[in-house]
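Order as written gives the chain letters A, B, C, D, E and F; numbering starts at 1 within each chain.
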């Protein structure tokens, strides 16, 4: 892979149960994580893409927002279906220790007071604390 | 300046007179230009932002899409007004040789057959030719 | 009835649990079914209508998309309410063997491997197989 | 408090389970209630505001729709969070007898035939009966 | 007339040439003008309504946002047409000294430095100065 | 050509200068014209498609609304460009006597009192008169 485009889906949401952070905050966390791991930003494009109601149009939206790409990598079978139905080559990517590094599980720990910090890069944990991100996540645990 | 966020406005448009290229193509051209000039992508965030109908909400949209920022640089007095009315510090940036490096002028040369290639970085000119971008621009000169 | 307007609701959706097919595919299936049954297309209008958030505006949307109509036929009590509140005459239509010819039931059979093909016209079954429609429906059974 | 701005949220919805009434009907009921209680309309602004997908932009939407305000009163911890994250002073308001004067409970009584009329001002009860509002609420009890 | 509903159209716009002020600011100015003239707010509803793309649906949008109404007053022949085509009684209202009390003319004076203050109620003029509204209007005179 | 899909563009507009009629009225006129010419509706699909802001996504929208198609016929060079850039075969269709059978010219005659009726099928002329369509068109001639 020469260059990688990372799509941030559901970019229009924030302060929700599933998407507590704005697209801008998610971009910032991705960059912090990349730098902490020594991955150069130079070969990455990070592209926020809104959800659209017609899933059959979503691939076209991604294409309009992204530099051109040749292969799609995803671990999500629905994303795989959408891109294949538009004629793209899609490759599965294995998700490492999915039970552990899993957004739902991490949010549960954040609400319940578990050790979520060990599951994200240190710079990301610091960022979440700086913007008081735990409060956003807890509010859905208590409020609804 | 430690890090710079470049906002791509009117990101939802493409194939129009004023915005012939998709947001994704514009991101790609920015990266090509940066690399040709030896500017590292590492200190840049490129953020596409859609126009919104209520200009008074637009600053809030930019904030939701962008990493947090402290100072706004712009050469556009309307953008300056919007950010100042939301309490931001805004600094003017001088536009170099505006008569020459000017999107409207460059598009006019593209339509009329003038030497537009000398006015953009070489890698960007190559990219525009590769995607047959001149055809898109010419069509508005002829069609409407 | 001289002419019949068939409204395809939720036209903006596709590849979802409830609306696996695009509006275009639904139009095509309706035509296939009509032809198989020997019903002339000549007396039918098939009109896709998007959902709108304000239900009280939805009747107005239907009117803007449809040829003018005098009587509304529906088996859905909510649609009946909306049209009656806008002053339309609404007549109930009996749904034949609703337990059997029921979209939810048919989708369940598609996911579980039951005999769904006997519940739709043959040309529609062929169409669904041609576009690999079962895969779309199964993905929601497995994915979510 | 010199003047009070009452925000009607989710203003784009109507004929739904949670928002059976249009924004216009809700404005009208608020005015009827205010008049029945002898509260002058002169010190009130009633402002309908649509939901937006990005909660982080919602405060900005409220500001664009409302006369300027200095303090936010709310009994909802999520609304409190959104306004505080935008730098507003937010004060809690106690909700009186929340178990009793509670929209969900009132709608349940409307569906089940309980005494909902004693829980709303008389002029509001009359208004709901005039527009046949109980039918709208019952339809969701029966239809879904 | 027992009660009057004033519709603020194009409510979604602000900071534009034609709609420099937000809907909230326009509500506030209407109230200031009413109070200066001794008109009680008690018999007024001020309802902001967004433009919609399908004009044939716009009347329905107004109905969803407004308390119910029986007669429409307008000096605008297009608004008259839309409401008449939906079956409403529409009465013309004479516009007094239209050449003088005319938004376009007032904005021209604001840009050119003419005496605009004499053409609006004093409290409104004060409000516009307080929010630095002239700057917004001038920017379009200079910027585009 | 076995079956023809006619796309009605800008379907969301009505009562405007360029699109005085609703999508539903346009469908109805197309059917009247087809019947008057003895063209069977059986081989036609008439598909209303809204404009979208990103032209590069528009082809995908058409595909989601339409039965599948293999060849695109158009006399419009911009539509040709959009479909070709998505890989479709596009064939030009000659427009007969474009100076005469031209929507802009016909609307001019409608406003000015010229003989527009000779330029449209008789059943369409009758339909336009029945819905008082000339008033809609004249209002833009007089109002703006």
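By definition in this document, a residue touches a chain if its C-beta (ideal position, glycine included) is under 8 Å from a C-beta of that chain, and two chains touch if they have at least 3 such contacts.
The structure presented is a predicted model; accordingly, all values stated were derived computationally and were not measured.
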item	value
Smallest count of steps, each to a touching chain, taking chain A to chain C	1
Repeat of interface B-E, chosen from C-E, A-F or A-C - more than half of residue-number contact pairs shared	A-C
Intercentroid distance (Cα basis), chain B paired with chain A, Å	26
Mean-CA-position distance for chain F and chain E (Å)	35
Set of chain B residues in contact with two or more other chains	14, 22, 54, 56, 63-64
Pairwise chain contacts, counting only pairs that touch as defined	A-B, A-C, A-D, A-F, B-D, B-E, B-F, C-D, C-E, C-F, D-E, E-F
In the complex, chain A residues that touch chain F	54, 56-57, 59-61, 63-64
Chain D contact footprint on chain C (complex, rising order)	53-56, 76-78, 81-82, 85
Interfacial residue positions of chain A with respect to chain D in the complex	12-16, 22, 132, 135-136, 139-140, 142-143
Contact set on chain C toward chain F in their complex	11, 14, 22-25, 27-28, 31, 40-42, 45, 47-48, 63-68
